[in-house]
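Sharing a structure with you now.
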Amino acid sequence: MKKPVCLVIGAGAGIGGNVGKRFARGGYHAVLCRRSDQEGLDALVESIRSEGGSATGFLLNAVEEGSIEDRVAATEAEVGPIEVVAFNLGAQIGNRSLADTSYKVFELGWQMATFALFRTASAVCPHMLERGKGTFLVTSATAAVRGNAGQHSHAAAMGGRRMLCQTLNAELAPQGIHIVHILVDGAVDAPDTLGKMLGPEEFQKLRETRGQEDGLLVPEHMAETYFHIAQQHRSSWTHELDLRSFTDLAWWNH
Amino acid sequence: MKKPVCLVIGAGAGIGGNVGKRFARGGYHAVLCRRSDQEGLDALVESIRSEGGSATGFLLNAVEEGSIEDRVAATEAEVGPIEVVAFNLGAQIGNRSLADTSYKVFELGWQMATFALFRTASAVCPHMLERGKGTFLVTSATAAVRGNAGQHSHAAAMGGRRMLCQTLNAELAPQGIHIVHILVDGAVDAPDTLGKMLGPEEFQKLRETRGQEDGLLVPEHMAETYFHIAQQHRSSWTHELDLRSFTDLAWWNH
Amino acid sequence: MKKPVCLVIGAGAGIGGNVGKRFARGGYHAVLCRRSDQEGLDALVESIRSEGGSATGFLLNAVEEGSIEDRVAATEAEVGPIEVVAFNLGAQIGNRSLADTSYKVFELGWQMATFALFRTASAVCPHMLERGKGTFLVTSATAAVRGNAGQHSHAAAMGGRRMLCQTLNAELAPQGIHIVHILVDGAVDAPDTLGKMLGPEEFQKLRETRGQEDGLLVPEHMAETYFHIAQQHRSSWTHELDLRSFTDLAWWNH
Amino acid sequence: MKKPVCLVIGAGAGIGGNVGKRFARGGYHAVLCRRSDQEGLDALVESIRSEGGSATGFLLNAVEEGSIEDRVAATEAEVGPIEVVAFNLGAQIGNRSLADTSYKVFELGWQMATFALFRTASAVCPHMLERGKGTFLVTSATAAVRGNAGQHSHAAAMGGRRMLCQTLNAELAPQGIHIVHILVDGAVDAPDTLGKMLGPEEFQKLRETRGQEDGLLVPEHMAETYFHIAQQHRSSWTHELDLRSFTDLAWWNH
């Protein structure tokens, strides 16, 4: 019998990759998609297999027409039923003033953070609806609940993501599809995203200042909660939860 | 001396038109833009002029490239300083299931409700910043704070609008530009929008059931609050407020 | 004919006093209640009368059993119909750690901020319901929407206030009573509250740093919005709005 | 070595009892407190022991002065370190109009839902702070985020509870104490609370209409999430999450 599939859109070395690992450890086949870095992707797949887990990896440009749709179709046809989607595309580009935010950048934020989720849901949900079950774990950000200076593109895109999650939930939950909006409210110890945005030196400095073990959100531990939420009995589902390090101020306390 | 301008994007016979009238009565020149219905537009301009007010009207397809940008430039060059923008484009298309929401419809919602606001802000704000003052009155909808079944496009677009307003506010308020997110949380007695969506018969029935005087939001009265907010002293600004009829349940009580 | 009454609970030299003045200027008889400072109260009444307005003042300890209830009864019997209540009692005591917050202090916060509002509503609403109209303008604080360190008593009390306002609104709005929750999200230029909390020197320093004209919320200007909201046509009511100086960060941006 | 203690305040046959069972199964000693029904309490303790778990039970009137404080002190002195508190007192009394909500009822809601939590935190936190760790799992209700008609007492009390949780979190999280606000947004299949409020017949009817297995929130399954949250690594803590049955409308969709 085919293993159930956990499809990870945005499977870097941070949240996405660790969620893939956790679900593989829990009996799923992980289909890992990321935009670039074939080497990193191979290493991730390898590390899962070396633990006895099952995974395949694909480079996928989410913004490209048909890219997500084709991957979903191929997965359902060739790998197994997508029981869990971990949608993990970010759209953070750092702070830019209104004057410095081009139309193109603004649109790209929406393409990544809002439209790609809509496309993924449009492609996956018919399969889930047929089976009467499925889970969408949508990684989201503080910008989904408050707009800060310099976040024109990111906040608009993430605000759209959150409202889209609520809409999907209203329509699909009663049909057995669990939609989860996970508000990641703090810096994540992730070399592929935060690390790249800050550069290696400043990233390492931040890690040291905060405490390397638990001062930033640790993807490996976050993945435990992603996994738990996906296992909730449908009498007791969570739609929204936040995650932050114990040393982080909550967004409403900044 | 040139009158200050109130630029209305989305000036139908409902909120937009009445906001234009109110500001004209308050000493502004109203620049009224709407997508279609030259006749209705002319009648609106005429009704303002017949009261002694000052207004001009333009058909404008907000989704068309450059349309808003050109109108802003022409207004600043030929009419007067845009002191107030009433951004009033809606993107409500009625309820559609996920399966019935095409990519095109989803994107159009974003084009109207989110991107058009970003474009307007990008075009107008440099002028306002130079003058150190200005007001954006952004009409918004319940879908900006909660996603309901069937609202995939609308909620995603309006959620983006709200977060964009907060971002604009965070950057621009300290520079003297007043950003206001007006949550219209109920049916508006507006023939051009609700009337068209429901059709004339059902619209009239709704008006009669609810009470024609005050059972729906009455644009003429809403416009008083739009005007008041634009006159607030900058020591005491409102960024967000809701509006509904006394008989309407608030969105959190539905 | 008797003038309509605006009853101000918490009428110091800041928001309460200025709201009283504004409504007196607008044709109401202001009944001004405050806990102490007969001299200040007399001066306030006198300043209203010297402008041709109509007002009376009372020292009233809101925490004392029957105090509010008796004042409401006497006002209705002897002065005129209470058309507007401006409920303006604060419960801010500065930051205290959990260990330093006594049960007594915690309860006092609730007595002032939550229970006193419930008592006022219980006393006034039967009169308003009989007349089918009335307005409650409830001054509230950032602590009503987010709890910050050191705000155990204040946040719990204000959170209760906000939820009570929503409950009152759900029950009473359809019967013609307008309930308004006014989120004052910033420091107010008020000698009786902020001034006392900070002490005269630090208060003056803050005023100078921020800009005396508009860097703090100016009660005189805030009162314009209180007045406007109380005049809204019932087709277009606001239940919640925020107020802050243009230089203040919104609470969600701190 | 002493087992860590999970102290349950409000340990009926619904959420509280099941949380106690789950933590006992996970290696904690459960200290179970409830107001009445010695028989039910004994049965609960017995069922835990029969599974090989460890528990003790106490009748405790939370509103009584010193009751919670004494139980906390005795537990710490005689049983073991309180590592987890499951605070589970409700204050729902059904819908009552403003006129039918007495001062006494209003105050009792606050005593149970807000003040008892403050007292518990005041009693337990010094111990937790000394150990640099601990978890508060606070069961909360929809009324904490929106006030509905008839909920004057309940909403004011729960609104206070939520803001208190945020305040506790802001102060205590950086010191290693995990505060969790669990928004139970739906009817719970609990004979001691919902069952009593509805009466046995209507309760059974509701269970049958909704589906007995998963149409109401099932405490046994909810307890899994309580347990998971208490085990989160402190790099990745959740402060707020919601729980509802897949067939329940979320509160913002009603």
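Letters A, B, C and D name the chains as they come in the text, with residue numbers starting at 1 for each one.
The definition used in the following text is that a residue touches a chain if its C-beta (ideal position, glycine included) is under 8 Å from a C-beta of that chain, and two chains touch if they have at least 3 such contacts.
Just so it is clear, the model here is predicted, and its values are computed rather than measured.
Shared contact partners of chain B and chain C comprise A, D.
Shared contact partners of chain A and chain D, listed by label: B, C. Although chain C and chain D carry the same sequence, what matters here is overlap: shared residue numbers make up over half of all numbers found at their interface.
Centre to centre, using the average C-alpha position, chain A and chain C are separated by 45 Å. Our note on geometry: chain A versus chain B, Cα centroid distance of 34 Å, whole angstroms.
Counting partner chains per residue, chain A has residues 146, 148-149, 166, 169-170, 252-253 touching two or more of them. If the chains shown are joined wherever they touch, the resulting network links each chain directly to all the rest.
Of all residues in chain D, those touching chain A in their complex are 166, 169-170, 173-174, 176, 178, 189, 213-218, 221-222, 224-225, 228, 232-247, 249-250, 252-253. Listing the residues of chain C that touch chain A in their complex gives 145-146, 148-149, 251-254.
Chain C makes touch with chain D in their complex at residues 97-99, 101, 103, 106-107, 110, 114-115, 118-119, 121-122, 125-126, 143-144, 146-152, 155-172.
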